[in-house]
Amino acid sequence: MFFHMKELQYEAKPSRPDPLMARNMQELLGGQFGEISVAIQYLFQGWNSRSTDKYRDLLMDIGTEELAHIEMLSTMIARLLDGAPVGDLEKAAQDPVTAAIIGGMNPQHAIVSGLGAMPADSVGNRWTADYVAASGNLLADFRANLNAESQGRLQAVRVYESSSDPGVKDMLSFLIARDTMHQNMWKAAIAEIEAQENIVVPATFPRELEKQQVAYDFYNLSAGEESKQGRWAHGKSMDSMSQFRYVSPAPAFGPAPELKPSPPYVHNTPPTTRGDNS
Amino acid sequence: MFFHMKELQYEAKPSRPDPLMARNMQELLGGQFGEISVAIQYLFQGWNSRSTDKYRDLLMDIGTEELAHIEMLSTMIARLLDGAPVGDLEKAAQDPVTAAIIGGMNPQHAIVSGLGAMPADSVGNRWTADYVAASGNLLADFRANLNAESQGRLQAVRVYESSSDPGVKDMLSFLIARDTMHQNMWKAAIAEIEAQENIVVPATFPRELEKQQVAYDFYNLSAGEESKQGRWAHGKSMDSMSQFRYVSPAPAFGPAPELKPSPPYVHNTPPTTRGDNS
Amino acid sequence: MFFHMKELQYEAKPSRPDPLMARNMQELLGGQFGEISVAIQYLFQGWNSRSTDKYRDLLMDIGTEELAHIEMLSTMIARLLDGAPVGDLEKAAQDPVTAAIIGGMNPQHAIVSGLGAMPADSVGNRWTADYVAASGNLLADFRANLNAESQGRLQAVRVYESSSDPGVKDMLSFLIARDTMHQNMWKAAIAEIEAQENIVVPATFPRELEKQQVAYDFYNLSAGEESKQGRWAHGKSMDSMSQFRYVSPAPAFGPAPELKPSPPYVHNTPPTTRGDNS
Amino acid sequence: MFFHMKELQYEAKPSRPDPLMARNMQELLGGQFGEISVAIQYLFQGWNSRSTDKYRDLLMDIGTEELAHIEMLSTMIARLLDGAPVGDLEKAAQDPVTAAIIGGMNPQHAIVSGLGAMPADSVGNRWTADYVAASGNLLADFRANLNAESQGRLQAVRVYESSSDPGVKDMLSFLIARDTMHQNMWKAAIAEIEAQENIVVPATFPRELEKQQVAYDFYNLSAGEESKQGRWAHGKSMDSMSQFRYVSPAPAFGPAPELKPSPPYVHNTPPTTRGDNS
Amino acid sequence: MFFHMKELQYEAKPSRPDPLMARNMQELLGGQFGEISVAIQYLFQGWNSRSTDKYRDLLMDIGTEELAHIEMLSTMIARLLDGAPVGDLEKAAQDPVTAAIIGGMNPQHAIVSGLGAMPADSVGNRWTADYVAASGNLLADFRANLNAESQGRLQAVRVYESSSDPGVKDMLSFLIARDTMHQNMWKAAIAEIEAQENIVVPATFPRELEKQQVAYDFYNLSAGEESKQGRWAHGKSMDSMSQFRYVSPAPAFGPAPELKPSPPYVHNTPPTTRGDNS
Amino acid sequence: MFFHMKELQYEAKPSRPDPLMARNMQELLGGQFGEISVAIQYLFQGWNSRSTDKYRDLLMDIGTEELAHIEMLSTMIARLLDGAPVGDLEKAAQDPVTAAIIGGMNPQHAIVSGLGAMPADSVGNRWTADYVAASGNLLADFRANLNAESQGRLQAVRVYESSSDPGVKDMLSFLIARDTMHQNMWKAAIAEIEAQENIVVPATFPRELEKQQVAYDFYNLSAGEESKQGRWAHGKSMDSMSQFRYVSPAPAFGPAPELKPSPPYVHNTPPTTRGDNS
């Protein structure tokens, strides 16, 4: 159960309206690695966590913080859209900057949301749960989370670099700092679990059931052997259970497949047409 | 440029047809963390890699291997569908197992693909590029890759556990082993880059531009303090640049937002209706 | 900013596991009119509300309650999936009920979420923000909300009817009651605004700018005149500004359109092919 | 069965081409609340209507009218795209207005549809049946319809406000007037059914089966009590069956959930890693 | 403008309810090549057709017929769902056929549409305009149409084969016959245009602007030369303008690409990390 | 199994950066008829092809070539984005061309992909397998392929026409030529199969099972008889099995449908509300 407070976690006030920045800011709100994605991802990981331990509590803490970030970004976007120009070619003809704004702003900000934020990304794709991962395996999921915070901070930094507005930059400097913390945090949680289990997810699958002879081979499948120089191509494997091996050229272990013809009732191309001998 | 060989990377032959297993196997082919996702993800990361070094070659090697895995899974699914029963309630009424197959198999395997594999997941969602990440920042992207291989191996293991078919299990034991290698490999690549840069993505953003006073705080935003026990709540931060700090209760740094009314031409609810004093 | 409490708004405990019910229950969680939809819808309406009045507070109250409903449903679904059978045709062959479960349950509950809830509907479509409306006009949006609560209660009632599990029915009896309140509540809010403005959204558009002579006509465009019997076909219009008029047959006010040929550089079918005289 | 006439329901002719207006106009054609949405929604409600009464006839009348609106908008968009400039940076550099058009117009209008309308919204999201509701319960569905016409008229008004083209404004003044009628009409149909049943959908669910003690409570779940001032917080409920009650703070009726560990075969994080005592 | 008649184009009455057939039949209604797809596709092609000739009239005739097919399938599906069992595991345990129905039927038919048809396919994907093509070039589009009718008839035939219900088969025998006509019809229209233009779309692009030396080469890019035996590998090209040529192995005309490093403000992996010499 | 070579199939180098062209070029890469679509489509058709004959080899050859085209377009797009301006309104205000670029370029090219290509179309819709067809019936699928190459060449030509960049035009002249070959090639493959079977897909369905009396009728369902002039309205049918017949007006063969009321447990609108006599 949740409770909402009226205060923002951090101020979200631009120095001036900027409908193009509003469009771009949507990426941080409703994009693949935006705040809706991490909020929903962490909360579902928490709710599906079949334990009442520190990991569940951690997920609820951070998932709840991300809800506050959605709120900050929505507020910022509404303000960036204050008094946005709405017009047509006639208006556009008079002033190049107005023309660029009318051409470049997200038309749905005017027509659909009435100058408010939308649960969508910077090109208008509506947010989808295709973006989230919650598997029930915490090591897998914490890696998803570390990735999300890495992509998310990278995108926030790129928007920061594109802005000359002190208010926008101030809010982003807060969100970027929080992403620093969250990357550190998931890294710490990952280290804890890897120390107890193994780096390979899921650690509980008996290794003798996998085809061990190919479990540490690097297969060179593209021309050139630059990839041979990496850490992944020689020395002890990262799970400390074997040695990396660089295999070039890569072998094919299976034959060319021959499939049986399909039954007549699906009306695929019949063998007679194809001249099959099968 | 690519070249195709007729051989499979590994044999993909079930011991018997099983349309329900064909349905489930689609998750590993066309699901969020299936082989199409990793193939497209690695190849785009490679093509966008603005260098001709070992990392680009690595991405092309593994991206190309994943194409072979798509091929193996497609082959396996076609064989699992050999002679699949297609029928209606009349037929279903006679035999409970046939009834369960007709009820449970993916109807599109019969109606749409003619007993062949589809670029879709186990519930029939068509594959979408919503699933892939390619940011131009290798550390961010290698974390996406480590996550994908972790989720992918987890799912392959779950399908393995649900099967009693030696042929299915044999192919999966190969794919699971390759996922072991790929997790090791991305882990190695990540370690290399983190050693040169920093664990925080992007490492090139000047830290003094982020709001440093909140960059290592853990905010307790859900009842209970179980989350205080984790490594993320105390001690040196994982990037070695500061100390974690557990803050409870979490503060609000910003005021409750007050937005300006919208201009009349968007026809939002007017202040007069709302009794606003603004 | 939000705060999370560990307690559920209401108990969410089935009397026994039931993977098919878990599949169906997903509709109420992540379907078009499920709890994710209303939570995101109300919160975005609140954040975009350019005022700090009772309507914004109302939206934050109810949006926050819906977050608690997401939590209840996620909890219920995880419990319905306790120890769910995971298996193949061999297993299915032995017991018709197991067969039906394996055939009918959402395979992603086993393979993807590890027996946890997903942000998806009962057939596995991932939740999308296509489902939400937040326009900046409260009367429009409260109608969206009344619709969502009507469809939502209807769906909850249908799931209730299909269950024989006292625990499932108990939780649903709570959610259904809350939907009763929420329908009453949006109805009340709508009545307030309609009393101040008009029933036609947006009330602020000058009526003389619309083509008034067709603003109260009912056009009979399908065979039969059963539709003439309704309240919408005669008497004073609901906005009290005119009289309904039943027009049969419906007129065409515009000519058959003639479009200009396209410029050669788009390479549409050229007039010469078409034998155009234009 | 349908029959098509060549005439338009109303003229759809702009005074001049305007590719940006063509882009925006797509919202009214293929957006969430555009004409495709209402056409498909009303027709499916009609076809699923298990009766041959006035409601079915009404749905077929209006669904058929909406097909004519799709046609008008498609015609208008094709004309707005007449001779649209297609070019690159070189061209753009010469004239700011051309630059804004090339930058702002939907590139698919040139590349994909050959200067024709598309079944998509103003940012290029292809139309999806995610937007429609047809539940079999007319009161629920008529509320969906009233919402659609409210959002739709609001959007049409916003496009009207942004245009200085007499031809565009003339067509929109027709569509806006029809939306006035359709809002009145659904309002009338709703009033009829509410008078016979109850305002709560579905009216046929026995009230004693819902948890009646929470069916009229308003739960204050966000800071501040502004929401206490509304009609929804006191007095007789809108369904006349009880009294509204404002409850602050809102109670939690359920305990913190404790879930059982998952079975080993799904390979979630095991209790040993988590230090569970369960 | 359209007019609706109450009669069906052809009877749509099953001999008995069958919820699994209702699920499957959805493919023909709302699937990728279902009736909604062809209706929307033909109507948009017609509306975008910049001429008032026989091709536009043809498109409106057949697009309008497809609307009648949507109606027939919706009617059939509603009847197949008559009195569909809605229940849970308890019920399912008693009777294997009921179990298979409850497991296999689309749960949204009960929960969402109230035993009515939905604009969705057989696995529940909502219909999307991703499925349609309307390019402004009639030869391209008529090929899209011929494909749609080919895939559509194939799917209808597969559903026919799976049914033992005389009523279902009777309706399908009508739809299959209409698909025969429509394939013949598009074939005829294609022949007309090819005779006037050329088989290569668009015929209006000057051939000397394409790289003519590669315009008739077949590149062997997969092991084996079975593909050499086809008509496409030798003899006069189908457009009669050159000779097919089988080229094995296929050449690479371009060098390995070297991209420039990205600017610092996008924070991609920097050259220093990569050890680039560029 | 695949092998990757470093060389491009053809050079992909623009003469100058152009972020708007990069945006548009995405259509040819990740659009409905872009290179990802044809690659995935041909490869799945090949893998599902239940034979090891020339058709399967053909599909693997061309599917593999399309992978090379994805690579070329990704390379071109990365180069078109070299040093793309990233900025806000302040910058935009100074120079109209920069303003148009910032307004018009795909913001995700800067924020999400770090100036690299994306698996998406020109308006930012992520690629989806909704675009592909692979039915198991080669004649149906080769028609899908001929359509894809026709739409694809048309789009490439349109982009060619909009460019003044010699490097862009050079690469497109290669791709356009390959599309010429691919249209010729599918046309040849289609001719081969039609000669063996029949033009009607699937040829294996016994004609006496379809309702033959309507299999060659053209139904005039829109006003006007322009469509009577076409080849499809008279003379021998294209499959040589009958004569086309123009039927005007088109008959209705079925009665107006009457559906049974739904069972009470789905809570549709009850007959009592509707005044039904049924």
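Labels for the chains are A, B, C, D, E and F, by order of writing; each one numbers its residues from 1.
Everything that follows uses one rule, which is that a residue touches a chain if its C-beta (ideal position, glycine included) is under 8 Å from a C-beta of that chain, and two chains touch if they have at least 3 such contacts.
If you're wondering where the values come from, they're calculated on a predicted model, not measured in any experiment.
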Note: chains that touch chain E and chain F both are A, B, C, D
The chains touching both chain D and chain F are A, B, C, E
Computed over C-alpha atoms, the centroid farthest from that of chain B is that of chain D
Per the C-alpha centroid definition, the whole-Å distance linking chain D and chain E comes out as 27
Separation of the C-alpha centres, chain A versus chain E, in whole Å, is 31
Between chain A and chain B, the Cα-mean centres are separated in Å by 9
Chain E touches at least 2 other chains through residues 1-9, 32, 50, 52-53, 55, 60-61, 64, 68, 75, 78, 86, 96, 99-100, 103-104, 110, 112, 114-115, 123-126, 128, 130, 135-137, 139, 154-155, 157-158, 161-162, 202, 205, 221-222, 224, 252, 256, 259-260, 262, 265-268
Among line, ring, star, complete and other, the chain contact graph is complete
Touching chain C in the complex, chain D uses residues 5-12, 32-33, 52-58, 60-62, 64-65, 68, 72, 75, 78-79, 82-83, 86, 110, 114-115, 128, 130-131, 133, 135, 137, 139-140, 143-144, 146-147, 150-151, 153-155, 157, 160, 173-174, 176-178, 180-181, 183-185, 187-189, 191-192, 199-202, 205, 207, 209-222, 224-232, 237-239, 244, 250, 252-257, 259-260, 262-263, 265-268
In the complex, chain A touches chain F at residues 16, 18, 20-21, 23-24, 27, 31-32, 96-97, 99-101, 103-105, 121-125, 154-155, 158-159, 161-165, 221-224, 252, 256, 258-262, 264, 266-276, 278
So, in the complex, the side of chain B touching chain D is made of residues 154, 157-158, 161-162, 265-267
Seen from chain A, its contact residues with chain C in the complex are 1-5, 7-9, 30, 36, 40, 43-44, 47-48, 50, 60-61, 63-64, 67-68, 70-71, 74-75, 78, 112-120, 126-130, 132, 134-137
In their shared complex, chain D is touched by residues of chain A numbered 1-6, 49-53, 55, 86-93, 96, 99-100, 102-104, 106-108, 110-112, 114, 123-126, 135-139, 193, 196-197, 202, 204-205
